[in-house]
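Following are the structures in question.
In what comes next, chain A is part of two complexes: it sits with chain B in the first one and with chain C in the second one.
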Partner chain A sequence: MLADFNLRVILEYLPLFLAGLRSTFFISIVSIGLAIATGILACACRISGIRLIKYPAIAYIEIIRSTPLLVQIYFLYFGLPTLGIRVPEIQTGILALMLNSGAYIAEIIRAGINSVEPGQIEAGVSSGLNYVQRMRFIILPQALGVTVPPLLGQAIVLVKDSALLSLISVAELTRAGQTLTSDRFMPSEAFFTVAFFYMCIYFCLKALADWSQRKLIFREAY
Partner chain B sequence: MKLKKCLSAFFALSLVMFFTGIGFAGTLTDIVNRGELRVAVQSGAAPYAFVDKNGDHAGSMIDFAKGMAEEMGVKLVILDFDWDGLIPALLSGKADILAADMTPTLKRALKISFTDPWIYVQPCIFTKTGASFQTLEDVNKPEVTVGVLLGSTGENIAKQYLPKATIKSYKGGGRMIVQALIAGHVDAGVNDDLAVLTVLPDFPPNSIRLLDKRLGQGKDSLAFGVRHESVNLWQWINLYFETIRENGTYDKNIDYWLKGVDWKKDH
Partner chain C sequence: MTAFYFERLVEIFPFFLKGLWMTSKIAFISLVTCTLLGFILGIFRSGKNMILKRIIGVYVAFVRGTPFVVQVFIIFFILPEWGLQLKAFPAALLAMAIMGSAFICEIVAGGISSIPKGQWEAAASSGLNLTQQLRWVILPQAMKVILPPLVGQFVLLIKDTSVVSVIGVMELTRVGWVTVVRIPEGLMVFSLVGALYFVISYPLILLSNYLEQKMAVN
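And then the complex of A and B:
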C-alpha cells in the first residue's frame, strides 16, 4: 500500500493545493477577525443588564451552539435564497464561520470575565472606580490572559471547519483534495497532502498561542 | 531493551500484514467460498441505487447486484458510500464490486478496471423554465454560471463545450445542482439527462427545463468497477450482462427503473 504512494501526482497537483491553501488562509483570517468582533459584541450584549439586547444575544448564542455548522452553512446557502437573500459562496462561507465561531467566542470571553473574583470588583467599587474603569483596569487585563489560549483554540477549530465550505463549491484546501481524488482516484495522496497543509496552519497558530501566552503571563507578573 | 523493541516492532508489523491480508480477497472464488458478494453503491443516487420509503436498498443497480448474487448462489451485502468513499472501499477489499453511476475514463482506469458499459446516458444543459437560454452559444458566455458535479463527466463536458462560462462544481448527488439552480446560485447546470429527469419530480413542477440539444459527441457510458486483479470477476460480470440481455431481465430492469417513473409509486 505504502509502495503505491505517488509523490509525483502530488507535485503535479501542487499548484491546485497551494491555491486551495491560499483560499483557506484568506477565508480563515477574515472569518477569525469578524468572529472575534461578533463575539465581543455578542458577549457585551449577553452580560448587559438591558433585557432588550440581552435576550437576543442569548438566543443567538444558543441557536448557533445547538446546531451543526454544516446545517448552518446549508441554511445560509440554500435556505436564504427562498427568502429572497442571495449571497455568493465565499461570502456565505465567511458569514457562516463568523456567526458560528462568534457564538463560541462570546462564551469564551464571558468565561474570562467571570473568572475574575467578585472580591476584586467589590474592592474596585469601594475604591471609587466606575464601571468603565473597573473593566479597563481590573477585569479586562486579567480576563485577557485567561481568554487568549481558548480563543486561539477556537481559531484552530475555525480553520478546520472551513473544510466544510468545499460542500458549497468554494475552492479551498479540502476541495483541492477532492478534485485530485475524483480525477485520479488517489484519496490517500490527496488527503495526506490536505492533512499536511492543515497541520502546517495548526502548528503556526499553536506557536502563536504559546508565544502570546508567554507574553501575557510576563505582563501579569508586573 | 533493544530486543523488546525489535519484538514489538515485529509484532506490530505482522499485525498490520495480517489485517491487510484479510482485506485482500475478492476474486470470484473468494466470493463463493465466503458466501457473500459485497457491492459498494453510492447512496442517494436514484434511480441507480438509493434507500426507499421502507428503508430498503432499491434501484436499477441494486436489482442487477441482486441478480448477480442469486446467480452466484451467495448472499448480497450492499455497502453505502459517499462518492469519495467508493474507490477506497473497492481498493481496500471491503467491496468486491463498485456499482455507481460512474463513467469509465482512461485516468480512472489506471486505478480500477471497468466492465463493459451497461448503459449509455447523455449529458445535457438544463436551466430554469423562465430563463432565455435556447442554444449552447447562449450559455457559453462569461456572465453565465454553470453548475456541475465535481469529478463527473458533466464537469469535463462543461469545461470542453462551455469554455467561456463560469463553472461551479458541487459535491453530492444531482439534486445539489438543481437546488443551486433554484436558489439562483447558478444560471444553468450540466449533468447526464437521466440523472436530471429522475430528480425533477422532487422539485416544483415545470420549474426546470432541458435544452433540446444534448452535449458531447456520442453517448456517455456507465460501467461497474472491479479491482485490477479481479479479472475473473470482471469477465463474469460481462457474461452476466450478456446473459440477462438475452433473457429479457435487462430490458425489464431498464424499462422499470430508467425509462419509466412507475417505480416512484412502489419505492
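And then the complex of A and C:
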C-alpha cells in the first residue's frame, strides 16, 4: 500500500511543487485583496437606499452564491474569448475567484454592520452625526472587528477554491500534482504531497482565525 | 452566428436536462448519506471516548484542510492502486460522502456543544440513559443551532457536485463542458448551466435565510 511510496520522485519534483505552491500563494493573496475590495463595494451598494445600485448588487450576490465556482470559472474561461477578450488563464482565474469571494465577503461585511445595535445608530443621529460620520465613527469600528474571523474563514475557502484553477491549466499546486501523475503515473505521491501543502496553509490560517476569534470574545467580555 | 448557435442549443436542451437529473441524483444521495454520517460522527465527536474523538478530529481536519478536487483525485486515482476499482459514479458518491460528512460533523458537534452542561445532568438525573438524553433532551434543542448552517451546507454540497465532473461523471457541468466544444458560445452555454444550478440551489438559500431569521427571533 504505502510501502512503495516513492520519496525520490517527490524530491525530484520538489521544485515543481514549490513553484506551484508559490503560484497558489500569489493567486490567493491577489484574489483575496481584490475580493475584499469587491465585497466592500458590493456591500456598500447592497445596503444603500438607491434602487439603481441596490438591485444589481443583490442580483450579483445571489447569482454568485447559487451557482458553483467551477461553472463561473468555465463561464469566464470559455466566455471571455467569445467577447473578443483574450487574457492569460491565470488572470481569468483570479477574476473568477475575485468575483466569487467578493459576493461572500459582501455578505460577511453586511452581517458585521447589522450586528451593530440600532440604538447606537439612533444615538449617533441624535448627536448630530451625518451618515458618513456615523459609518466612520460608530458602525465601522465595531463592525470590522466582527468580520475578521469570517474573513479569515473565507480566505481558507479561497485557497482551497484556487485548486479548481488547475482545471483551466493554471500552473498552481494541484496542477503540479496532475503533471507528476501524467509524467510518471504516480498519483499517490503526487496528490498526497499536494494535500500536505494545502494542509500546511490550512493550519496556519485556521490558527490565525481561531486566535482572532478568541481576541474578539475577550474584547466582548471586557 | 449567435442565433444559429442558440437554435442548436435549444435542440440539445434535453441533454442538459439529463445532466440536471444526474446532478440532482448525486446531490440527493449525497445529502442523505452526508447528513446521516455527519450526525453519527458529530455525536461521537462531542462524546466522551477520547480515542474516537481524536480519530474523527484528524479525519475532519484532513477533509477541511484540502481542496475537494484533490480529494476527488485521490479517491479516483489512488484507490485503484490499492486494489479498489471504482467507476466514476460510485467514486463521486464516495468523495461527496467523505467531504460532506466531515463538514456536517462539525456543524452537529458545534450544535451539541452549545447546549449547557446542566441539561445533560438534568436529563441524567431524570433517569434517562445516554441515547435517551440525546434523543429527547439534547438534540431537540441543538437542532435550532444546527438547522440553519445545515441547510447552508446543503447548498454548498449541491454546488460541489460540479467538481465531480473532472472524473467524467456526466452531470450538469460536464454536459456544459462537452457542449462548449461543439457550440463555441461559452457565455450562452454556461449561462444555461448556471441557470439550471440556480433553479435547484436558490430555493435552499431562501430556506436557509428564513431559518436563520426564525431561529434568531426564538
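Points to keep in mind about this one:
In the analysis below, the second predicted complex is superposed on the first by the 207 of 222 C-alpha atoms of A that agree within 3 Å, B and C clash if a C-alpha of one lies under 4 Å from a C-alpha of the other, contacts with A are read in each partner's own complex, and residues count from 1 in each chain.
Keep this in mind: a residue touches a chain if its C-beta (ideal position, glycine included) is under 8 Å from a C-beta of that chain, and two chains touch if they have at least 3 such contacts.
Note that the coordinates shown come from a computational prediction; the quantities given were computed from them, not determined experimentally.
Once both complexes are superposed on chain A, the partners chain B and chain C clash. Applying the stated contact rule after C-alpha superposition, one finds that A:S169 touches chain B and leaves chain C untouched. Once the two complexes are overlaid on the shared chain, A:Y77 sits against chain B and chain C alike. Once chain A of one complex is fitted onto chain A of the other, the partner contacts of A:V194 are limited to chain C, with no touch recorded for chain B.
In the superposition on chain A, A:T181 makes contact with both chain B and chain C.
In the superposed three-chain model, the partner touching more residues of chain A is C, compared with the other of chain B and chain C.
After overlaying the two complexes on the shared chain, residue contacts for A:R86 are found with chain B alone; chain C is out of touch.
Once the two complexes are laid over each other on the shared chain, residue contacts for A:C204 go to neither chain B nor chain C.
By the touch criterion stated above, A:R65 is placed in contact with chain C alone, chain B being left untouched. Common to the chain B and chain C contact sets on chain A are residues 1, 77-78, 81-82, 166-167, 178, 181, 187-188.
The part of chain A that touches chain B in the complex is made up of residues 1, 77-78, 81-82, 86, 88-89, 166-169, 175, 178-179, 181-188.
Of all residues in chain C, those touching chain A in their complex are 61-62, 64-71, 73-74, 77-78, 81-82, 155, 159-163, 165-166, 173, 176-177, 180, 184-187, 189-191, 193-194, 197-198, 201-202, 205. Remark: chain B residues 20, 83-84, 87-88, 107-108, 110-112, 147, 150-151, 168-172, 179-180, 182-185 touch chain A in the complex. Chain contact summary for the complex, chain A toward chain C: residues 1, 62-63, 65-72, 74-75, 77-83, 160-164, 166-167, 174, 177-178, 181, 187-188, 191-192, 194-195, 198-199, 202-203, 206.
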